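Listed after this line are the structures, all set down as structure tokens.
Two complexes, one shared chain (subunit A), two partners (subunit B, subunit C).
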Partner chain A sequence: MHIDIRQTLFRNPWFVIGFTLALLFTAMTLLGPPLAPFDPWDISFTPISPPSARHFLGTNDGGQDIFSELLFAVRNTFAFGLLSGLVALGLGVMIGLAAGWFRGFVDMILMRIADVLLAIPAIMILILTAALFRPSPWLLALILSGLMWPSISKAIRAQTLTLRESLHVRAAAQIGGGNWYIIRRHLMPEMFPLYLVGFAAKARIAMFMEAALAFLGLFDPSRKSLGMMIGYALKYYYMDIWWNWLLPPIVCLSLLIMTVTFLAISLERVLDSRLKDALGA
Partner chain B sequence: MISNLRRSVPSRLGLVITFGLAALAMIYLSYSLPRLLPGDFVTTMYSSSNVTLTAEQEAALRAYYTEEPGFGHYLVKLFRLDWGFSYAFLTPISTLFFSALPWTLLLLGTANVISMIIGFVSGVEAAWRPNSRLEKGMVGGMTIIEGIPEISTGVILLVVFALKLQWFPAAGGETAYAELSLYAWFADVGHHLALPLATLVLAYFPGNFLLTRNSMMMVIKAPFVTTARAKGLCARRVRYGHAARNALLPLVTRFGLRLAFMVTGALVVETIFSYPGLGTVLFNAIQVRDVPVIQAIVLVSSLMVLMIILGLEVVYRMIDPRIANAH
Partner chain C sequence: MSLEIKDLNVIYQDGIHCVQALEDVSLTVAPGKCLALVGESGSGKTTVAKACMGLLPSNAARQGQIKLDRQRIDQLGESLLNEIRWERIGMVFQHGAANLNPVHQIINQVAEPLIQHRSLSRREAHALAGEALVQMGLKEGYHSRYPHQLSGGEAQRALLAMAMILDPELIILDEPTSALDALSKSFVTGSINRAKERGKAILLITHDLELVVHVAETVAFLYLGQIMETMPARDIFTQPLHPYTLALGRSYPAMNTTRDLGGIRGDAFYRFVHQHGHNDEAGYRHSHIQVPLSSHKDGHAPPTGCLFQNRCTQTIERCRTEKVDLEAIGDHTVRCIRHGIANLLELKGVSKKYENTVAINAMDLTIKCGEVFCLVGETGSGKTTLAMIAAGVIKPESGSRVFDGRDMDEWMHKGYPSLATQVGVIYQNPAESVSHRFSVFDIVAEALKIHGLSQSREEMHTRVTKALADVHLSTDPAFLGRYAHELNMGAIQRVCLARALVLGPSFLVADEPTSSLDPSVQAKVLKLLLDLQIEMGLTMFFVTHDIGLARKIGDRIGVMLSGRLVETGPAHLILSSPYHRYTQLLIDSVSGISHGSFQPGSDPVEPGGCPFATRCPRATDLCRLTNPQLLERDHRQVACHFPLTSRHPG
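For the complex of A and B:
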């Protein structure tokens, strides 16, 4: 009995909305620089001018074009989330597989580390490193993924423990398949749905963290970010700028986070039930 | 079905060891990271701050930071609440910390209690009416609200209710210098609390709702619920006395996991509303690069999060009859 996952997914309205938004943001990220009408660091325009035909969203307190700023900010936040989510996924899958497949001592050590990391609030470590060392945003994204992998690897480990007892994996071991062969050919492909769910959930946290860190002023001030735009615009809230300066980054940030939330929730609903049926867990 | 709900329960000793290790890791990071900085701590940190030091202040600071107290000494100082001195606010850090702490606890505590209750009750009621229009609408609405980050909700509430309509104050935890009677003071604090509280409740309760609904859907199909109904118990007794008690467990378990992430939102919300809690102190310290304050707040609040999660694990053991009877 074959069910087409793609068809089921595209019948889910949440997935369709999330997928469309994700395409839109990917296009914005890739085409951002050529689309931007001005250099977002150009400070030669009249500060805090209202929207006009030349500046769609007006200019900010430093005399920079807000629309160009917004394009670069979305790009930075999106890329931060994707990188952090991807690396966290890679780490989580590898560690979860290793713990579930080898068990014993390896499992104990890895899962104890995971427990410790799960309890530590990631934002605190990021604030501390950012305030002391001012690392590049990419390094911070990597540190964040180094703190986010435990929940993914716990899910992967649990699945691995179920899968390793299944008939085809035992058959593969019987015909002399090595550890690496079984992990690569049998375990990794079978858990693909879990990767999507885990990635979307982690990318969501990472984007929110990036916005929060930028809002608190922990990034290089010349780096455009949605959180930082909100932070700066909020300083001028008493002027009539809220709909052209404050609202656009807020809407973009909410849409970004909604995109990954919708994708995560719809993938979980569609794939998880299939996963349960398929694995009989 | 029920066996899915049961999770492997680590022993009490294992739990304490895990949390002890997590606490030690945080303390060690906060001890060692500043010592990894290239060059001299005083020059690197103080030259980039907005504070100018006189020659003798600089010499005194250098003497203070070059003496190597060692990790043991650091631990002792941590427990004696001797966390150093803020050079931007000119007060001992512990004073700063303990004057901000009650506000944060008030805000976060109320927000969590309210969003737990609303989320739990609405989740149970929604799961009781599967596939009804009400349930579908609620799940859809909650999914959307779940996607809106605290930064956005907070700023929108601030602009609409504090700046445009002026129903609520835009900043602070109480009216400054107002000599109020006790009841008027309570009302005043509540008035200031309303907006940040609403922001956090909006951020927290959709998650609680979805979690409760999902686990309740599983519990409802369980045989013991059918038995309870067959006994002729009234619907509310079956729902809350039998089914919902089991749906409560994942909510408590997941709370600990989510708490480490919720701290981020609380930081941002306090900053948006200039609420006089730890988040705002931390934000101000970051603005002037007051590193000792940042370090102390980061460390102590993480330790508090660890303690709360550990406490919840104990609560979890108490409310789950399967574990309570097993030991």
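For the complex of A and C:
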């Protein structure tokens, strides 16, 4: 297993593209506000003007600078995806390890909960929650994570069940290693590839979900989001704005999803190709 | 005539330091019987002989009684003693020819007691002496030779002739065979047995356990001046009760034992009795023991507890503090606070099922402290399952496990870590038994980290490097940082061994530890394992499918078939004459003797029948219907309705 993973990864074209895009989006997220030429909420410009030297992508129907709007929207969508993905991964790993290591009653309870959640469509819950309670986007991200962990935990649990029978884990238990010690030193490091793949899959879903909810107008209208931009642009599709207003958010959303997809594919291939099926993603 | 020694104490004085050579030694030698006195060098064997002859040096202080025919001889004056010497007590001193006068012909030396004690003429004395020498197998041409013209064996026989020339009732033989070849030895053995038949009482002092078995009725084992065990001589190799006796038996190259020579771990104490100034300059006399290689000050400990404690395989806290007396156990007497060799592990009625397959079927097994128990059997017989049950890795479905006198399941429930430090395990596949993310250092240090046994990083480093050095592995930083996949199999297995031993366990379970190694590496690892077993006083449970291997390392062997033990006992007995036909089949298969009709793997049998019934040439309806019990037979246990009793039954 001790191959130089870094070298192998950078020879993989999927990874190189994914990695470059990830760097770009991270930069946009972190440096968005200072980079933006105008305040995206500033409505003092001429509405629906074509791109110019002043407004790279022109302005929208409210007279806001589309480029600035785009920077803020990417930031929101990307952060929403990362948060959801990380929390879902954390929950999935903890629950999967607990179920696989302790087995018995703990396993039964946790996995039945997972089965129930798998059977419920997440988008429905999110739409209802967003429409009825109008929670903040961050709370919504957490709710989404709460719905997405089961498939990660199923994969982690399966791997834990295999690992717990492996000789070095049994040897560590024989020496006197406690549950926490074995989970920390013997199980968690072994499943590193699963974390990357699981996180990527969930972050992808979360970003798309965020765009979808915003498209449906379920978020605070003042919050910039790629989905919301697409939604507003579509209202004016009969005008000649599709290339400067509609296309940029669509391309950004696609690229964001592609980023994590590319990273997931390359990491899967390089780290452990057998895990693809286990994740079901 | 009998010799009776009672509470004999001898102290050699040497300035203010005195050495305690004998402590409360009591022995009886009856007419027509031979008592053997066995022990390591320095245990006081020759001192006993010298005390009987009244030949102790002038710096020896003696207490206790020595009676010859109920008459005390220990207080006689020199002239009275001289009448007894040679006349009533004959002695052959150790070191053979060195005891003969180099400037006299041997016939003169043999005739000398006759002339001195019986006042015979020179001619008569020579005639009798010549006869005696001929009886000892020295032809006439040899009689006028000088000692330097004789070989060691001839000189020894001349000395025997001399000792018996006056027909004494008691003969003391000090190492009569130590320098002799096998043929001379068997001649001496014959002479001793003939003397016994003539009603002589014989006190035999020797290292030679084989000789003891052949000539002595009783044997006493001396250690640092104390008798540790007395027992019937025939039981030496089969039923030792004291760990010292077991270790001596294991150290002796007997023809019928098969295991590679062991030894006794560590070095003996020195026993001092001395007088020196205390704070107030007033000398006071006290005794203490000194630990080998330590300075006088460090080793200045009063002799509490058992003298064998530092070399024993079953030392407990009480051994260090309580005085131990001889106690009678059967026809043995043993000086051990634990009443002889203790059981380290007792399995009673353990069984284990996997789905529908019975892996272990209500088995009993006892493993004694300090022994190497080898479990052999074909694949699928449940060996690994049993080993893992013994190690506490697998929980049996029923039955009880007692480890070191404590219920194992209860122990595991209440505080597994303290049990884990007592049991080391080596697994069949060394490469898989270590995490590929761990370096050599991490692997060995894991146990120390888990148990929090090292206060500092330096201390952990010291302990890890010591453990690695013990298994003859490199301790340089580059090696410590290597990963398992960078090492060869032999090295990984030794890393695993270091991991198993780093906590200083008392019990080592080794499941086929060498099956993945090639023969040369296997030989090295095994040699290492056995050396460590001796030096650390380990008890070992060794699982192997290779009966040839079991023969070289096992003290006892257990043969497993279909989750049952079919034969168990001392390795040399079972391998030289198996009683169970399955054992016979295993041995024959190794030797290349084919039994065409036998198929590997056991066939389904009636639930109640003997598991070997379908493959056994002698199976009857009884075998097919009832499973034989494991019964005691000639120092072993065998489960067969019709056991073999000789090597090649009709």
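Just so we're on the same page, the second predicted complex is superposed on the first by the 270 of 281 C-alpha atoms of A that agree within 3 Å, B and C clash if a C-alpha of one lies under 4 Å from a C-alpha of the other, contacts with A are read in each partner's own complex, and residues count from 1 in each chain.
Keep in mind that, in the parts below, a contact is a pair of C-beta atoms (placed from the backbone, for glycine too) under 8 Å apart; a residue touches a chain by one contact, two chains touch by 3 or more.
The structure presented is a predicted model; accordingly, all values stated were derived computationally and were not measured.
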item: Contacts of A:R6 with subunit B and subunit C, given as first, second, both or neither; value: neither
item: Which of subunit B and subunit C A:A171 touches, first, second, both or neither; value: second
item: First, second, both or neither for A:K235, with subunit B first and subunit C second; value: neither
item: Partner chain in contact with A:G217 - subunit B first, subunit C second, else both or neither; value: first
item: When both partners are placed on the shared chain, which of subunit B and subunit C touches more of subunit A; value: B
item: Partner chain in contact with A:L132 - subunit B first, subunit C second, else both or neither; value: first
item: First, second, both or neither for A:M258, with subunit B first and subunit C second; value: first
item: Of all residues in subunit C, those that touch subunit A in their complex; value: 391-393, 416-417, 420-421, 423, 425, 427, 429, 432-438, 446-447, 450-451, 483, 485, 499, 503
item: Footprint of subunit C on subunit A - complex, ascending; value: 1-2, 166-168, 170-178, 181, 185-186, 189-190
item: For the subunit B and subunit A complex, residues of the former touching the latter; value: 4, 10, 18-19, 21-22, 25-26, 29-30, 33-34, 37, 143-144, 146-149, 151-152, 155-156, 158-159, 163, 256-257, 259-261, 263-265, 267-268, 271-272, 282-283, 286-287, 289, 291, 294-295, 298-299, 301-302, 305-306, 309
item: Contacting residues of subunit A [partner subunit B, same complex]; value: 14, 112, 115-125, 127-129, 131-133, 151, 205, 208-209, 211-212, 215-218, 227, 230, 234, 237-238, 242, 246, 250-251, 253-254, 257-259, 261-262, 265, 281
